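Shared between the two complexes below is subunit A, which has subunit B as its partner in the first and subunit C in the second.
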Partner chain A sequence: MKCHVPGPNVKVLARTVHALARFGDDLYLESLSDCILLRTLNASESAYAMVKLNKNFFSHFNHNYYCVDVEGLKCKISMKSALNAFKSPAHMDKQVENLEIKLDPHSSKLIFQLNCKHGIVKTHYVSILDCKAMQAVYTKDLVPNRITSSQRLLSEALGNFQCSDDQVTLEVTSESLIIKNFGDTPTDISRIIRSQVTIKPFEFSSYTIGTDTNITFTLKEFRALLGFAEGLNLPVQLHFEITGKPAVFVVHNGTTIEAHFVLATSKPDIGTQYTSQHTTNSERKRKENSNDNNISAKKVHLDEDLSNQFQEDSNLFNYIPNNMSQNNVRENINNVEKANSIDTNCDNIPASPTSRMRIASVFKRCFESTFDPRIIHGVVLAENSDSD
Partner chain B sequence: MKFRAVMVDPGPMRELTHIVNTISKLSKECVLRLSDDKIYFIVSEDNSGPTPPVLWCEISQSNFFSEYQMIGIDEDHKDIYLGIVSASLAKSLVTLKTAKMLKIKLTKKQCPCLTLDIEMPSSISQQTRQVSHDIPVVVVPRKLWGEFNEPKIPQPDISIELPPLKQLRNTIDRMKTMSSDIIISASAEGRLTLQIKTDTAKVSTRFRGLNVESFEGPIDHSDSETESQTCEDISKICSCRIDAKKFSMFLNAEQISHNRTLCHIIHKRLVVLQLHTKENVDFQCFIMGIVY
Partner chain C sequence: MDDGTSQYYFTASMDSGKTLYNLLKSIQFQECAVFCAMNEGLKLTVEEGKCVQASAYIPADNFTEYHVRDDVDVLFKINISVLTECLNIFGANEDSSLKMYYRCEGSPLLLVLQPQSMINVMTDCEIATQIADSILELRDEDVPEVAKLVLKASAFMGLLGDLERSCDTIEINLSPEHPNVSIITYGMQDRSCIDVPKSSDMVQSFSCKQAIRLKYQLYHLRLIMKALAISSKVVLRSSSNGLLLIQLKLEKEDQRQMFTEFFILPLLDD
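Right after this comes the complex of A and B.
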């Protein structure tokens, strides 16, 4: 694959990479015959981003540059190295005349060649970590709730929240949309400022609510995607269903670029969620650093924890008939994303409404209705597609 | 205990934002005292003892609020004292600059909260957008009220007008990088001198022709190391050595639109920096003198 990005679009691409960098640590690039897909997944596997750059985004696009008849060229690079190639997106269009991206299926490097003013050529050889692509399966077209909003409105609304807030809850009804940083469950509120913004439907460009619901998702990724939309000055479309189903944010300009940001949603209960998510994040990071084969490590670790938990408090897992829990899990899988199979592990972990606070705070995510069975059997959010 | 107040004028709203912002830079926490006719922001040091608070800010409610209702605990204790994280208040009021209306209420939601209801104008129509913040507060028990009494300070030896705060701030910020304390001295002839001494240099900046509001001379310099300047009556100079950082912090108040700033000096003991606005806000900083 070889393509040329013209000057003004280099800035767009740079902004894209910077936005993706706020999601995940790896960047997956896939070249198809008519577009390039950039994808990333965050460390806790709760947020996924995909940006599709159409053929006309490029001034020159040759998918079959190195060899003919390749189905799809895929590679995974580290986000840090991608960021290195795209420093300071705000000034890039002034310095860079065009950018050439080359991906040879037989090489171990992805090449970014920046042709700058005054004949300066900067070439970044970025090591390819893997030849796999990653894809999440989600629905955005058949959902009952759709909102289109200018990014400014949402940015202004988020301006009311503190930097320390890490989740927001959207409460939607056909009369109004409420963004707030707290849930219904009692948490330690003596330290946080509880903020709430009410926006009437007329402020949105379009507002369709089929089912009243509330969804909670992380603010960090939300801010990142709003920053992306702000950079390109494009409206944000929000597609979502109900609590627990992923929310999909779409930013596109119709012709050259289309971005999907998928955020996992949960029940609005901030306090416990907060701690649990952070521990898993850091745990994962550590593991990723120490062990390439982190999938298996994750699984082992989790199983260990669970068995400890069993010993400590066997009452935690109430007996629930097998078929019922399987149904639960299956529903999750069907609705959220696809997973390979249900192994016996997940049958042992039904939703446990009577869990004690302490345990709930450690294993909170297992008991959520968003319980993600894939974490248990160590399958990545998106199935690995075939690398050959 | 009840408290409810409404604000609609953009001018006072902006001013309140600036005041709260300045306070949040001075201190992590402050005490908000609500009384029938005034609101006080008080910052005092933990082990204050007999020393005055760091900051004393008085706002007369009638200039700020269009509606103002409050009921204290009982007849003898009419006021309400609330401990609040000043940064929380400042962050919540960030949007106030463009707001249409602000309602402040004292509410009980699991813990006592100061609820701010802000009405923001919508960018595309006449209707408004509702924003509300619940800021947790601590109700200060009656037995601790004494710690937040109005500061009693002795008659200052000199009260002199300060030069424009921006200028002053530039000077102080440069000086503070060189020395941790500054000697501030004022003469009855209307001269303000800021001086630092380091091992290698002595830097001083003089502002001349400033108004002297009052002077209670002569000053006794018998025990001091003050160098006598040529042809000047030393008994008309009053000076105090203060912490440069604290001085600089007060100068954050520059953003509050003020029409008068005064510096009161009690020789070698205390500097009081005072700022007045046209909305009748009285903003005072107390900086204790350092004696070697």
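Right after this comes the complex of A and C.
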């Protein structure tokens, strides 16, 4: 495959790579006869992004440059290498006249050649890590809820949230859309600022809600995709079903570029924010010797909830062999590995246990307000560490 | 006036200390510098592990007054971060006039700074001096120069800034053939290559008699970044033994010039 990207589109491509870099650490490139697909998956497999660059995005596109009868050329490169080739997207169109991408199926390097102003040629030989492609299966067309919004409306709404927030909940009804950073459960006291933004349907370009629902997803990826839409000045289409089913964000300009961002959704108030922030909080509480019983009982319940949810979530990103993908249910997102099929089924992997609970019960006596260390007259197994 | 200053080894005064401050900042990657006042001008030199030698040179015509006693060597070691801190004592937004005095060997360097926008405010600084260490004599007249390259500083800075930070060596290939300049960096798994032909706008002059391949530590080359940022023109000279001399010219508003100079030792091929 060999293609040329004209100057203004190099900037678009650079923005694309930077947006994808906020999703995952690897970049999958697949060249088809009429387009190039860029894909990435985040580490926890809860977010997936696919950008399709059509043939007319390029000034020259030759899929069969190196050899004729290849179906699809695929490669996986490290996202860092890709970022290195596309530094500072904002200035790129001023410096770069055009970009040539070459992918030889018999070579171990993907070549980005940037022809810059002043006759400077920058060539990046990027190592190919793998020849597999990764593909997610999801639906965006047959879903009850669809919203089209200008990216500015959503960006402005997100401007009200703190940098430390890592999830948002969308609560949708046919009357209004509410974006908030907290759920209905009162147990989560770690969040100091609770924000809620209500947007009326007439603010959106289109607003169809078939099923009232609320979905929670990560803010980091949401911000990344909004940044991408902002850079390209394109509206964002949101397609989603109900809690637990993936939400698909589509950004496209109709002719040259189409991007799908798929985010796993969960119930409000669980997930990373809960586990990370609440741990420190509960530790602090333990130091204060407050009676923890009541709260830990609630936590047990929540943790069960959490692990159930994780099991549900792991359904979303199942790795399944290639030949199974046809009969797979539509809403599942699968990793299709062409060269090596992996037969492991992730369905039964339980969520990892949370050690926090055990510690609380093992040393429970110590943290009760009635505990007096002087009543213990046993052998000291481990002495107090130095105050230093 | 002459009677008053002749007892000093060195005196100098300047209307604006801002450019001097920026110039010294650009070579301030070591704590101490060798301060040398000659009749032609003032020179401060720092060395980084005997691999890089950087000098700031301020020709005497940049000073409104400049006296060096002919019969003595004015050469001492001084803490360059203290010196720059003193020059910037009224803050970045305030330009100040500057006077320097150095009485004799072993005495401190005296600085008198007066901010331009305030009258009746004055700062006296005394900076202790030490006996100068010997500095490397890197310039060797016997070794022929093989390549000379004059570039626009801003464009060269753009190139250097774009290089991958994670790699540690940089290879510069110079050749009379196209592409005349080729800069190669090796990352973790990738290789990047920048080709600059001599016809490029950023190349103001190019001369190279034979093809040469030079390897340096990228960190050493990055030390010139601050100097590049304030300079307008950069000259790269390479001798046949691989020693790279980078000279940078800073042009002030009053048409006067100040210079920085970097000697960078090559990495040996294995």
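Observations on the model:
What we mean here is this: the second predicted complex is superposed on the first by the 267 of 388 C-alpha atoms of A that agree within 3 Å, B and C clash if a C-alpha of one lies under 4 Å from a C-alpha of the other, contacts with A are read in each partner's own complex, and residues count from 1 in each chain.
One rule holds for everything that comes next: contacts are C-beta pairs under 8 Å (C-beta built on N, C-alpha and C of every residue); 3 or more make two chains touch, one makes a residue touch a chain.
Treat the numbers as computed from the prediction; the structure is a model and nothing was measured.
In the superposed pair of complexes, A:174 makes contact with neither subunit B nor subunit C.
Contacts of A:206 after superposition: neither subunit B nor subunit C is touched.
Contacts of A:159 after superposition on the shared chain: subunit B is touched, whereas subunit C is not. Touch criterion met: A:78 reaches subunit C, while subunit B stays clear of it. According to the touch criterion, subunit A has no shared surface contacted by subunit B in one complex and subunit C in the other. Interface residues of subunit A, counted against subunit B in their complex, comprise 152-153, 156-157, 159-160, 162, 186, 189-200, 202-203.
Within the complex formed with subunit C, the residues of subunit A that make contact are 78, 80-81, 84-85, 87-88, 95, 117-127. Against subunit A, in their complex, subunit B makes its touches with residues 88, 91-92, 94-95, 109-111, 113, 120, 122-125, 127, 129-136.
Chain contact summary for the complex, subunit C toward subunit A: residues 155, 158-159, 162, 164, 179, 187-197, 199-202.
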